[in-house]
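Both of the next two complexes hold chain A, though its partner changes from chain B to chain C.
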Partner chain A sequence: MIFSKSKNSKQKFISCTGNNKKYEFINPKKLYIKQGKENIPIEIITDKQGFVYIIWKKKKYLVNIIEKNQNKYEVLVNGVSYPISVETPFSYKRRKYLANNKEESKIERIQAPMPGKIVEFFVEEDQIIKEGEAVLILEAMKMQNEIISNVSGKINKINFKPDDIVMKDDILIEVEK
Partner chain B sequence: MKKIKSILIANRGEIAIRISETAKKMGIRTYGLKTSKEPSAYYLQFMDEIIDLTENTTDIPEFLDIDRIINSIKKYNIDAVHPGYGYLAENPYFAQKCIDEKIIFIGPSPDSIYKLGNKTIAKQLASNHNVPLLEGSNGNIRDIKHAKQLAQKIGLPVIIKAASGGGGRGMRIVENIEDIEKMLRLAQNESEKAFADSSVFMEKYVRSPRHIEFQILADHYGNIIHLGERECSIQRKHQKLIEESPSIALNEELRTKMGESAINIAKASNYRNAGTVEFLLDESGNYYFMEMNTRIQVEHPVTEMVTGFDLVEWQIKIAQEEKLTVKQKDVKLNGWAIECRINAEDVQSDFTPYLGTIEKINISKGKNCRFDTGVTEGSNINANFDSMLAKLICYGETREKAINNSLSVLNKLQIQGIKTTIPFCKAVLNHPKFKKGDISTSFIQKEMKQLYYQETDEEMIAAFWAALNHSVQLDIEDKTFIDYEKGKNITPWLMNKRLKSL
Partner chain C sequence: MDINGKIYKDFLSRIERFKVQNGPEKIKKQHAKGKLHARERIALLFDEDSFEELDAFVTSAMPDTGFGKIDEAFGDGVVIGHGRINGRIVYVYSQNFTVMGGSLGAVHAKKIIKVQDLALRVGAPIIGINDSGGARIQEGVASLSGYTSIFHRNIQSSGIIPQISMILGPAAGGAVYSPALTDFVFMVKKTSFMFLTGPDVVKEVLNEDVSFDELGGAEVHARKSGVANFIYEDEENAILGVKKLLSFFPSNNMANPPYIDTKTEQEKNIDKLRAIVPDDPNKPYDVKKVIKLIIDQGSFFEVSELFAPNIVVGFGRLQGKAIGIVANQPKVLAGVIDINSSIKAARFIRFCDSFNIPLLTLEDVPGFLPGLDQEYNGIIKHGAKLLFAYSEATVPKITVILRKAYGGAFCVMNSKNIGGDYSFAWPTAEIAVMGPEGAVSILYKKELQEAEDSKKLQKELAAKYRSEIANPYIADEKGYIDEVIDPAETRKKLITAFETLENKYVDQPSRKHGNIPL
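== the complex of A and B ==
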């Protein structure tokens, strides 16, 4: 791989993982990862079929970006998925600031974990539900899946009706905590 | 006796390819069905002839449309039909229709399919022939009051199951009596949806049992043999994920006893062709008859690997009324075979189906390995079909060698474009308790803290790869960005105005 010379050879990137762990890389194009005080080089290879591997410390990792949206990446390493958001020092500060000042939302949205068809709702609007209670059945790939509420509260809104087809992440039910 | 010269394979995916390969080896012409949901599917490349059903689509899925399939067979003058698994494989009406139309149905008689497919009848057959059974409702559940009485009589936990079920659908475990109404309704709904029959029954639920099943072959002349067992204890929500043959839990004595029970069930139902008798085995070596599957099963290759039998070949031979030439004493289980199912599922978010396109696929398998796949590069995974893409079956002289062989092939098996169960399979095969053979159907739930295998530095590699790609991306954006306001001083006033207009 050949990279253009960056204007700023000390440009720092902060990769934040799904569980808020952070990794810092100074100019990643230099192809090393710092561990302790040592810079350990990285090698990138592409095989005949176009699979891309990173070799680091004599270990080979298959890497692939499966989804990307602005600075948010979903990276598969050996088939395991890691959600990573890449921040600059400035955007990282803003992110932290926003996180600290975020008001906790009173509405919990129950989303479709997969595309499928709604079979039945167990609840009605205004009904009080408990955490862990099944709220509806979603049928996908011939399986009927119970969708469980993660919170206790009052059903604020039901956005679909039985037999509706829903996409992944569609908001099915809104619960007021 | 009529020799089969042509077969319609009324199925798709890896099993259609699997059947076609054996048929061709036997000099039989194969016909496949092309459907509008998957017009460029991989399996079609393996057929001698393709019957195009893409026009005039109806609401009935093509592989379930009995009339259309029968008409196609007659139109092309095909001798026989192989249903594979799922779809019409265990539909007695279809099997009967084939007989009526003088088409050879590669499978058992409609009567056997019906009797064994109805779990209530199947259990009666078993109990009449001294095959051990779990205590249960002895018939279908009438209503919620009946369900409550039964649960109290049998003792909790109990399991509610679809009378015409299979594949884990229409099953619910009841741990607390308060849940029984909800669970009954769920089981009934699901079985109504899946099998157009809402009748369910109840039985005692055995915690942490092993799932042991016996492969049967039976001909038209009363010869029945079993080809040993398969252990399919690694299951999630009653869906098998990893299977092996033989089972570490059986010694020769128990194998003989269970094998005889399996043969008794086949005898009692006048069975012919290939079939599978499923048992639960508890920790003290007691076993209970669950059901008999009257079809070729997904996990049949592990039996083929340790016995050397080609089960599809025997299915075809039996269907053309050939005699079983092998005696029970000639059946030997050599070595060990393990099958890993590669499904398009996101293991990290509760095994939800993952849809998309397979961009690349790479497998380097050695000689002791078989990869039965229904997909290739460019295959589209959509919600119309089952999420199983392929099966990796690896052999070893011992269980340990089979595990190591599986792991080394899994480590080199790459699929790009979608998420798969490969990291899950690696996690199971690396688990110390799995390695010891200490497994049960609740293994995943009880023993696995993490459902996917992960190397220590993977997260950091991911973080690096994202950062590198992002930095390259920013450079590209930098180059293409034309700065119209270059040299202009942006005053705080101008800045504020801009921000407002954003």
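== the complex of A and C ==
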């Protein structure tokens, strides 16, 4: 009733790129993008083959969404892929608020999920890695399994070398968040 | 009624007081914590202007208990009502943290029970938005009785209407059990927590220092405990997630899932599918690529993505019709079946069966995970859950064997013998009691011991076994599967097969319920 009026129709969105550049736009059809204080009109067109182009400042760019996960997109523009997240004004504020509230850095341990033999490390000590990046291959159940880091950070320590046999829960790599 | 008269003014003044109570400073307080207000969440959830609130003006049961004062607030600490999501009626309760920390007393509980009863009576889904400090201590046993009545209704509604819980703040102690009893749990990173006993008690009893996040944060429940099915960066995206999830469900167990025209003119032959499974059986690949190519473009919605990722479960659409997908993931732990993946898949299958959502199984499994850890923790019992769930399900069930289908795992993953309607296999399939290396070391034990170069002999025998035994053609010729198909034709075959099963009906003997190994 009184306070629960929906305002979904004119929702403002903010899109953030990997290097934290900020663009604002309003959904759904008004295609203006606010960059700094300037409102720049954009046009989106689809050609007969189904390719999508954005016309931005009189230039035509071929775009393609490769991956979509929640509000995070990987977009291919002219053959280069860019990570982009779409935020609302509230979620954008929340992101900043949570960034300020970060816990102090901690060590995350990557453990062997099952017994097996280490085939290869993809990383070395002091290397910076991203969440979701494969760090090593563990051979188990006659299969080569990629072990993935759940956190972004710096490789602090590597505990084994290729051809070592490891047991379940052995700490393979320590990552400093 | 005279619009300037006293009667109308009284009516308005009450609404005015209500507005003040839900004023901007309360909303600001929530925003400062990185959270939305209970009413803002509702506004985002429902179609424009469709929400109707119930019991907005009830007040808490005992304003003064002599042991801590209770705020006299309209509506107590929860907003309830109904509205439409994509046009369909959905009931909701949303706990209001700005009224006494959203604590649950007798009236608060009564309101939740009211919507639970209504939702069950009319056969509409219910969404619970949890943001509460827990039981209201001042109200004592009345709070406990309230919780218990909520649990009871969760259980009575289970399998009749879809129940979804969103944890958007703390949920501690008894409060965790209502979400745990519902079908799906959503959490938000950093601002939502679930635990039975908080960090203070852990410190007191076990002398262990843990933070809120380590004990019951979204990441923990998504990766380790499996309690949370979905985790999101922020509440707005979480609410969009709930809406998307609901689009796959019927309103209740008597209805069929809604058909959505996905408008994709997809090619029926997908050549890319031929290239996904590597020729080397020891090489992994991402089964999600297979899923995304087979189903309608962009329709895959994964459930419990981070928990037991060696099995992939989720919803998707085939020509606009909702299906549930269960797929072994060779990319993670070789796609083995272990305790967690059995539990995850079994629960998903039972949900789909409850709500008439047909099941597609994509199989590539080397077997059950061996080892002390698994055996001691009861892989026998937990693996049996998966078997039970598949066998019990009466919805249309189709399997496609992509590669490995070895041993017990072949039986468990929806084989025809436990009631699978159709089984297809790709030419890359290997169907046998065990993998080539294991099989030859048992069959040719003596020969291998006596051989000069046992490794070379084993390799030769394994290759022979692979080409003669571990292929789909024996099973095809003996009728244990229905057809070996060209991978490129998979989508076409599945669309036709599911169409033929649309009117599947299984008559079951009456019983109270089966005894699934818990």
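Structure notes:
What we mean here is this: the second predicted complex is superposed on the first by the 89 of 177 C-alpha atoms of A that agree within 3 Å, B and C clash if a C-alpha of one lies under 4 Å from a C-alpha of the other, contacts with A are read in each partner's own complex, and residues count from 1 in each chain.
Assume contacts are C-beta pairs under 8 Å (C-beta built on N, C-alpha and C of every residue); 3 or more make two chains touch, one makes a residue touch a chain.
Given the structure is predicted, the values throughout are model-derived calculations rather than measurements.
When both complexes are overlaid on chain A, the residue A:K59 reaches chain B alone and has no touch with chain C. Shared-chain residue A:N150: touches chain C; no touch with chain B. Once chain A of one complex is fitted onto chain A of the other, the partner contacts of A:N71 extend to both chain B and chain C. After overlaying the two complexes on the shared chain, residue contacts for A:G79 are found with chain B alone; chain C is out of touch.
In the overlay built on the shared chain, the residue A:K142 is in contact with chain B and with chain C.
In the superposed three-chain model, the partner touching more residues of chain A is B, compared with the other of chain B and chain C. In the superposed model, A:R95 lies in contact with chain C only, and not with chain B. Shared contact residues of chain A with chain B and chain C: 3-4, 6-7, 68, 71, 113-115, 140-144, 146, 168. Interface residues of chain B facing chain A in the complex, by the touch rule stated above, are 168-169, 182, 186, 189-190, 193-194, 237, 346, 348-350, 352-353, 355, 360, 362, 383, 385-387, 414-417, 419-420, 422-423, 452-455, 457-472, 475, 478-479. Within the complex, the chain C residues that touch chain A are 15, 18-19, 22, 31, 34, 36, 39, 42-44, 46-53, 56, 79, 81, 189-191, 211, 213, 223, 232-237, 241, 281-284, 298, 330-336, 366-367, 369, 371, 373, 435, 437.
Residues 1-9, 68, 70-71, 87-88, 90-91, 93-95, 97-98, 101, 103, 113-115, 140-146, 150, 168 of chain A touch chain C in their complex.
Contact residues of chain A toward chain B in the complex are 3-4, 6-7, 11, 13, 15, 17, 21, 23, 25, 27-29, 31, 33, 42, 47, 49-51, 54, 56-57, 59, 61-66, 68, 71, 73, 75-82, 84-86, 113-116, 119-120, 122, 134, 137, 139-144, 146, 168.
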